[in-house]
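Chains here go by letter, A, B, C, D and E, matching the order in which they are written, and residues are numbered from 1 within each.
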Amino acid sequence: MSVLLDLLLLSSLWVFALLTLTALPLFRGVVFFILLGLMLALVWIRLDAPDIALAEAAIGAGITGVLLLDTLGHLHHRADQESSPIRLKSSRFWVALISSLSLAGLLLWALLDTPATPTMLAEQVARALPNSGVDHPITAVLLNFRSYDTLLEIGVLVVAILVGLTLADKDSAQLSLPKLPNPLLQACLALLVPLMLMVSSYLLWAGSKQPGGAFQAGAVLAATGILLHLSGFRLTLRTSERLMRAGLLLGFSVFLLVAASALIDGQPLLTYPDHLAGILILIIELALTLSIGLILLSLFTLPHFALPEQERPK
Amino acid sequence: MSSSAVIFSLAGIGLCAIGLFGFMLHTHLIRKLLAFNIMGSGVFLLLVGMAQRSGHTDPVPQALVLTGIVVAVSATALALYLIRRWLQLSGSTELPEDDRR
Amino acid sequence: MNHSLLLIPLTPLLLILIWCLPRWRETACRLTPLAVLPALAIALSGAELHLELPWLLLGSDWLLNDIRRVFLCFTALLWGGCAIYAQGYMAGDVREKSFHLLWLLTLSGNLGLIISADVVSFYLFFALMTFAGYGLVIHTRSEEALRAGRVYLIMAVLGEALILAGLLLSAAQLLVPGSLLLEDFARANATSTYQPLIISCLFAGFGVKAGLPLLHMWLPLAHPVAPIPASAVLSGAMIKAGLLGWIFLLPAGMVSLPHWGISICVIGLLAAFAAALIGVQQHKSKTVLAYSSISQMGLLTTALGAAFIQPEIWTGLVPVLALFAMHHALTKGTLFLAVGITQYDSRLPLLVLATAICVPALSLVGLLSSGSHAKLSLKAMLYDDLLPGWLLPAITLSAVATSLLMLRYLWLLSQNLSAKSTHDLSPLPQSMLLSWLLTLLASLTAVYWMPQAIAPVYPSADPTAWLSMLWPVMAGLLLAEIARRHWRTLPIPPGDLIQPIEALLRQVPIFFSKFQRATAGLHEPVKEQRAGFADQLIIYLENQLENRSLIATYFSLLTLLLSLLLLGTYFV
Amino acid sequence: MMLNAPIPLLMITPLAAAVICMLLSERSRLLVSFAAVLIQLLASLSLLLLLLQQGPITHPLGSWEAPLGIALRADGLAVLFVLMTSVVAGIAALYAALYLTPGPLRAHFWPLFWFMWAALNGIWLAADIFNLYVGLELLSLAAVGLVAFSGSKEALVAAIRYLLAALLGSLAYLLGVALLYGAHGTLSLSDLSQQMQPGVASSIALAAMAMGLLLKSALFPLHTWLPPAHGGAMTPVSALLSALVIKASLYILLRLWIELRIHELAPDASQLLGWMGALAIAWGGWMALRQTLLKRVVAYSTVAQIGYIMLMFPLLRADNAEASTLALQGGVLMVLSHALAKAGMFLAAGNLILCTGRPELSALAGTSQYRPLSIFGFGLAGVSLMGLPPSGGFSAKWLLLQSALASAQWWWIPVMLLGGLLSAAYVFRVFHYSFKEAENSDTFHRPGVGLEICALALSAASILLGFIATWPLHLLTLPDILPLAVLPEGSLEQSLELLQTPTYETLHGTSEQQP
Amino acid sequence: MMNLLPLIVLMTSFLAAMVIFMLPEQEHRLRSLVNLGAAVLKIALILLLIQYVVAGFRPELRLEVLPGLSMILRADALAMLFAGLSSMLWLFTTLYAIGYLEGSPNRSRFFGFFSLCVASTMGISLAGNLFTFFIFYELLTLSTYPLIVHRGTPESLRAGRIYLAYTLSGGAVLLIGIVAIYALAGDIEFGDLQRVAEMAPDLHPLLHLVFALLILGLGVKAALVPLHGWLPIAMVAPAPVSALLHAVAVVKAGAFGIVRVVYDVYGIDYSWQQGLLTPLAIVASITILYGSLRALQQTDIKRRLAYSTVSQVSYIILGITLFGPLGTIGGLVHLLHQGLMKVTLFFCAGNYAETLGIHKINELDGVGTRMPLTSAAFTVGAFGMIGLPPVAGFISKWYLGTGALLAGMDWVVAVLVASSLLNAAYFLPLLYRIWFKPVPDSWPHEMITRYRDTAPLLLFPALATALLSIAAGLFAGLQISPVGWAELITLREYLP
């Protein structure tokens, strides 16, 4: 039964993926992409990875989808006449088809050729978990065993926002979405926002023991912000550039500080003292949640802002 | 042996191939970006799927995928900034030297 | 005392230094005759001098022995006399100063080569004389002078190259390794495996100076066009440098080389007769004298050849050659100077003038004083059983040729004299007359300038000998009279063979231009001309490889290829 | 405490500098940046000293040993690259400080710059294949940001191309990581090198990783994104990209190739890389000759130089320790000298463009007359790129040539030499323009002395490298990352005999011995 | 200290170059001062070094630049020969260049590269192994390029391009050769002849191939036919540069390299036994004759001189191929003699061009009257080239000829004689025109009218080198003469 379900999921993944790439107009493609993201969330649950499922739904489908749709909104103004990419006479089509099929064949071969053995690493994680300060293995991996990856990953996020800031500075024309002065929506928001904030806090708190954590919590926070943004609230982002930046960088800075603090002890980078591990991780997660939320939100809102006065090029 | 893991590894392979196909085929920048994301999802599936075929849950690849998703969304956002900016300046969703042979 | 040798070539050079100072230039020109004084003094002093200068060139060695002394003596005398002559003759010439400069340079070379005992110094002075002499030849810059100069230079360069080749070849098999002495070279030439080549090179190389047949063509061209004092030294002194080279470097007297000997004799006799035959067809007295020089040098060549056949006579022959050279140098010099005298109003009684002109001519044919002495000594030397029987008669017969030439000369001079009335002529400068007479005196007394030790004994006693000297002159007179009546001179231009050769050489530039065209591609870079195909290929490649949208395609294909390669080694 | 400080400092400083630069004002940004540059230099030097004293250092992050945790590893090769980065990026930072006019451009330059530096250091020190992926992404995005920086149309196109290529490359790399993890269950490079089993998954994984990395390094024919990106970016950015950023993926490839022993197991694959390199040399050189923009010439030169570096792969031979050592030394030296020379050349080219005010080559006429210093800086770097002595480029070429001879792969010799001539052709083409007759008046702008000195310093360093090449090469032996048996004396001669055409005896020797 | 001397010698011109680059364009006086100061200092240092070398020392400095590979600067007798020549000629050429470029733009650049060029030449002469040699050999190429294209005209740029195409290709071939011999025998220091001599016989064919590669590479700079094409084209450069190319540095570097390869790497015995020298001698002979023939066809003075160089430099190479002390002396000494004489000729050609605008041979008519001293110097140089004593050329020719015969290569004498004839054929007409043709009504482009002959700075170097060429021949017997030094080298280094 479950195999059938899996196969169904598999085929829907492939169909949605193909539709994403071929559906006309583009808007439909993006919709299929979001659907694909949701399907993926299901798949992740089937793969016993609820953390990823949450993240995929919130970030992969949610934030990415919103970003794409937002871009499409700008596209709308232009006459975007895309013809079908599939042209059987084009050599490019055939080369692409053959090489991607060959790739699939090779990967399949690799998959079948490789014996399935339980990885040693999982056991090691399990063994080291008690010393990690958290109970949930994924959080332990993310914020303790492989916290270095996460640190750099936050760096990637910051870079993305940084580039956004750079380019936003060039925007002389303000490109803001029309406000949605819908009283019903505003009423809904009044309910929804506290709820979402609560979900976010829960996810964060749960992260130490069960699926959830800073990313998911941050994503929910960002979603809240986007909703608010769409309904016309501009928060304080606009008023204080520097404060916004501080918020954006808070998580990264805290993480960095904690990482460096180990040096005082003569320990390697990112070493948490045993007894403080849990607390330190929580602090990091708190800061990260806030920052990730702000960053993800900014990814969406940044193009809608012109830069503040003092930084405008002369 | 976990059949789910094998099936979704397979699914991942398919997504990889489809993504690559789209990436090669399209000149429309947003489509290319979509293809990239599909490919990325395929790789994530393969990463977790392959590791979990023995039936045991492996937190490490899952953590890696979480990292990967964040990286992918950063990259997508960055790409969208650039594409939007390009659109604004040139009014085109394709790069100038691309042709569709 | 030995260092006084330095004075010989350096005095002229010193004068040149003075010449280089513009203020003193005039003085230097006036002092030219003095340049030979040290040489003359040393030549007459009688001591044997030897000077080694290891720092000079590759190690120089200068020597003055009796034979060299003879050469030095007549060279200095002739140059000195001619220099005095030039004081008058060149006065008022536009290029007088440069004439003196070149004169001094040439003189230095001529004097220097006589005292050089090592090859490098010898070659140096020889070259100096040759190349500075060029300037004397083309002094007038007239069309003929330039042509003569050209021929002179080409042949001289050819001669220098041959000499160099000969010297290098000799140096390869020296018995005293590293030696540069001329006598060591000569000795090596006697045994060298390159002997034929060496003898050919040296014989021909010096033969250019000495006017061997085929190498003589510059002489009849150069002598008439050069100023008279220059012609005199060219024909009298410088021509002997060739002989000196032969004496120093050929292995004559060391080894018997009959084939060489016969060949050289034949060449010499050919020169002696052919030059006379051509010479009598000429219309300029100086050209006739030039051919006479060739003819006389032919006799000397013949004697040299004899020494190759019979080495024993060499020791005796060398002083005779020296005497003959001295006699010829001074006599021919006087004859040349006489040509100039006739161009002026000498204010001398015609009889005196005619006698003074005729005496050296008679001497040259062997009827008088040093002439007869030299000729008789030469014949006496060649009176040897081992020599071919035809040699001596041929030499005797050559006197007929010489007489004919002298008669032609005198006849041309007399035509000259009678053609112009004395009123048209400017007065003869004193210096010219003086020098002419001095040279005349010297030529008549030449034999007494010979060092006693080597002076050939005058073979007087035999009246038949006298007869043998006289009848050719008579025959010559007869022939001349017949020719005057019945013979029209052949239109043989001065330099005889040079004209066909020049015509041939004119083809050379044409050949060269073809050669140039053929080789032009060798060094000029080929122009960048892209072929149409290559052009298209490049455009195609650029379209394919620089197409930025194909990068994903290339990427996939290469990944597949690399996978296959890795699979090939990993999996198999 | 300070004993193991250099490695953390190398990571913390740039990240912290990035954060601070984002928060602080104009003036303090510069101050912080200079301070950070200084710290970086000191840290890399002290790391060098540490390495020389103690040998290779492993730094287990979070005190978790690999494979559970991530370890940083500072062996000779890594330290070499760290030092290279400090020198080049340090000087480029100085240049940028002088080059950028105050304003938002400068404001955003510094954080991106510092993230890039952090990523570079992270990559040099990494010993974990997934961590390398994150590092690569951080590097790529920062680099794309720097390219897009000026916001012009051209810059955007270049940045988008660059981003697409980089993303494709990263994904291919990640695909390889997935396969390797699936097959071996570990991410640690040292574990992998011990456990590595040849197999389908490993093969495909390595192919994908290698190609992905090569795409990021712009190896022909995957180079087309590079010239617009490197040629179009701002001068200090161009220098950084060409000198350092593309080296990161090459470095990873080299690590994989050697540590996973691909050079021993799959020589055919190495040959493919070599041939791609050879084609890159030819094509890059050819295209550089045909450019009309100065910085494009320099950018295409990078394409060609990458090809040179790739020649080391086919020369890493399992059967010939001597050739392999020489090839590794030559390749690494080539990377170093290219980093110095190319950075110097870009900076000099930038100065020239500042002088003339136009980016075209034809605008250079007269520059050698009035701005000899700028041309001189360009020329010095050119010497190294052409592989003319005395320079790092020459020493590297020398080693590679020798390696080619030693491993009897003579066909790389003409490739290298013709490539050298081709590079001479395009470098001198620039001189050609600069020596052209111009009007007899000085109409050029005057770039600041500091800018000139920065360019000259880098170029001169690439020359100097030719004299002190033994020092960096000595580091390569800490530890010897090519742990191969040393062949007995005379092996070189034996292998050289292979160069000769086989004689009858060698071909038929066995048959003749039969009665 | 003694061992540092070679480096100091190198540095004098190198630092001079750096200082000159830094000097502002208008600092003419200071620049000249630096230039001349460095030149004089260098001569002094070289003299000091020569003292050491005569005393039997061998000052040496080494730096390991790659594992097993060192940069070696070493002053041996042969090095001193070349270093002495170039340092001396540098002084004259610098003086000349200062006069020549009076009032022209870009002097800073010119003199900077000029000094760099000489620094490389010093490096070439002091190099202790092929690797070091190659470094400076290529540096020379680089530093001469800006000098050739100095004028920036299309022709000079074209000449520069061609020059580079030739020399860099040659350098590449040379590099293969050097790498190959390094691979075969390790880092052979000059004079360490055991390595090659003791090589296994089956490696000999390979060694021959490497020899061919080395000669091919060096032959480009030495302008061996058919690798000489760059030389006549490079004539568009200013006269001091031509002097540098032809006499002091570039061509000499090639020839010197061949000397090193034959004597100090392969060893004359080995080369002779293996029959490597005869082909080289044949190539050299062909070059001698071909160069002379081509010179005969030229109507431009400098082009004629250029082809003359093609011909003359091969004398050096010819001398090297003649097995035996005399040939060696001839080859080595011609290295100096040719330098002196050719530099004189180029100075004079430059004087003619700068003073009266004379470039073509038919414009030389009567110039001896207008510029007697320059013309006298020119005459000396030409006579030297023809091989007339007492100018130095004869001495070289003498040794070459006798050396050839001792080596049993008698056909070389024919080559020498033919070449002398050809030399005479292309130089004597010039002399004739200079001295014996009437003075024309006007000169092509008279630029210097203040002086009777020409500017003193142009005249003096020409006269000095002319006198030196005579002195070198006239006093060849002295120990300090070039011949004396060449004999010392030959006796000390190549004869057991």
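Structure notes:
Throughout what follows, a residue touches a chain if its C-beta (ideal position, glycine included) is under 8 Å from a C-beta of that chain, and two chains touch if they have at least 3 such contacts.
Predicted, not measured: the structure shown is a model, and the values here were computed from it.
Considering every other chain in turn, the ones in contact with both chain C and chain D prove to be A, B, E.
Comparing each chain's Cα centroid with the centroid of every protein Cα atom identifies chain E as the most central. Among the pairs A-D and C-E, the greater number of C-beta contacts is found at A-D.
When every chain is reduced to the mean of its CA atoms, the largest separation from chain C belongs to A. Taking each chain's centre as the average of its CA atoms, chain A and chain B sit 13 Å apart. Each chain gets a centre from the mean of its Cα atoms; for chain D and chain E, those two points are 41 Å apart. Centre-to-centre separation of chain B and chain D, using mean CA positions: 28 Å.
Annotation: 107 Å between the Cα-based centres of chain A and chain C. Along chain C, residues 547-548, 552-553, 556, 559-560, 563 each make contact with two or more other chains. In chain A, 92, 95-96, 99-100, 103, 106-107, 111, 114, 117-119, 121, 125, 146, 149, 153, 156, 159-160, 163, 167, 170 are the positions where the chain touches two or more neighbouring chains simultaneously.
Contact with two or more other chains is made by no residue of chain E.
Looking at which chains touch one another, you get A-B, A-C, A-D, B-C, B-D, C-D, C-E, D-E.
Within the complex, the chain A residues that touch chain B are 2-3, 6-7, 9-10, 13-14, 17-18, 20-21, 26, 29-30, 33, 36-37, 40, 43-44, 46-49, 51-52, 55-56, 59-60, 63-64, 67-68, 71-72, 74-75, 78, 80, 82, 85-87, 90-93, 95-97, 99-101, 103-104, 107-108, 111, 114, 116-119, 121-122, 125, 137-138, 140-142, 146, 149-150, 153, 156-157, 159-161, 163-164, 167, 170-171, 173, 215, 296, 299, 302-303.
Of all residues in chain D, those touching chain C in their complex are 161, 164-165, 168-169, 172, 198-200, 202-204, 206-208, 210-211, 214-215, 220-222, 224-225, 228, 262, 265-269, 272, 276, 283, 287.
Across the complex, chain A meets chain D through its residues 106-107, 109-111, 113-114, 117-121, 124-125, 128, 144-149, 151-153, 155-156, 158-160, 162-163, 165-167, 169-170, 242, 245-246, 249, 252-253, 256, 259-260, 262-272, 307, 311-314.
Of all residues in chain C, those touching chain E in their complex are 53-60, 120, 123-124, 127, 131, 135, 138, 141, 146, 149, 153, 157-158, 160-162, 164-165, 167-169, 171-173, 194, 512-513, 515-516, 519, 522-525. The residues of chain C lying in touch with chain A in their complex are 553, 556-557, 559-560, 563.
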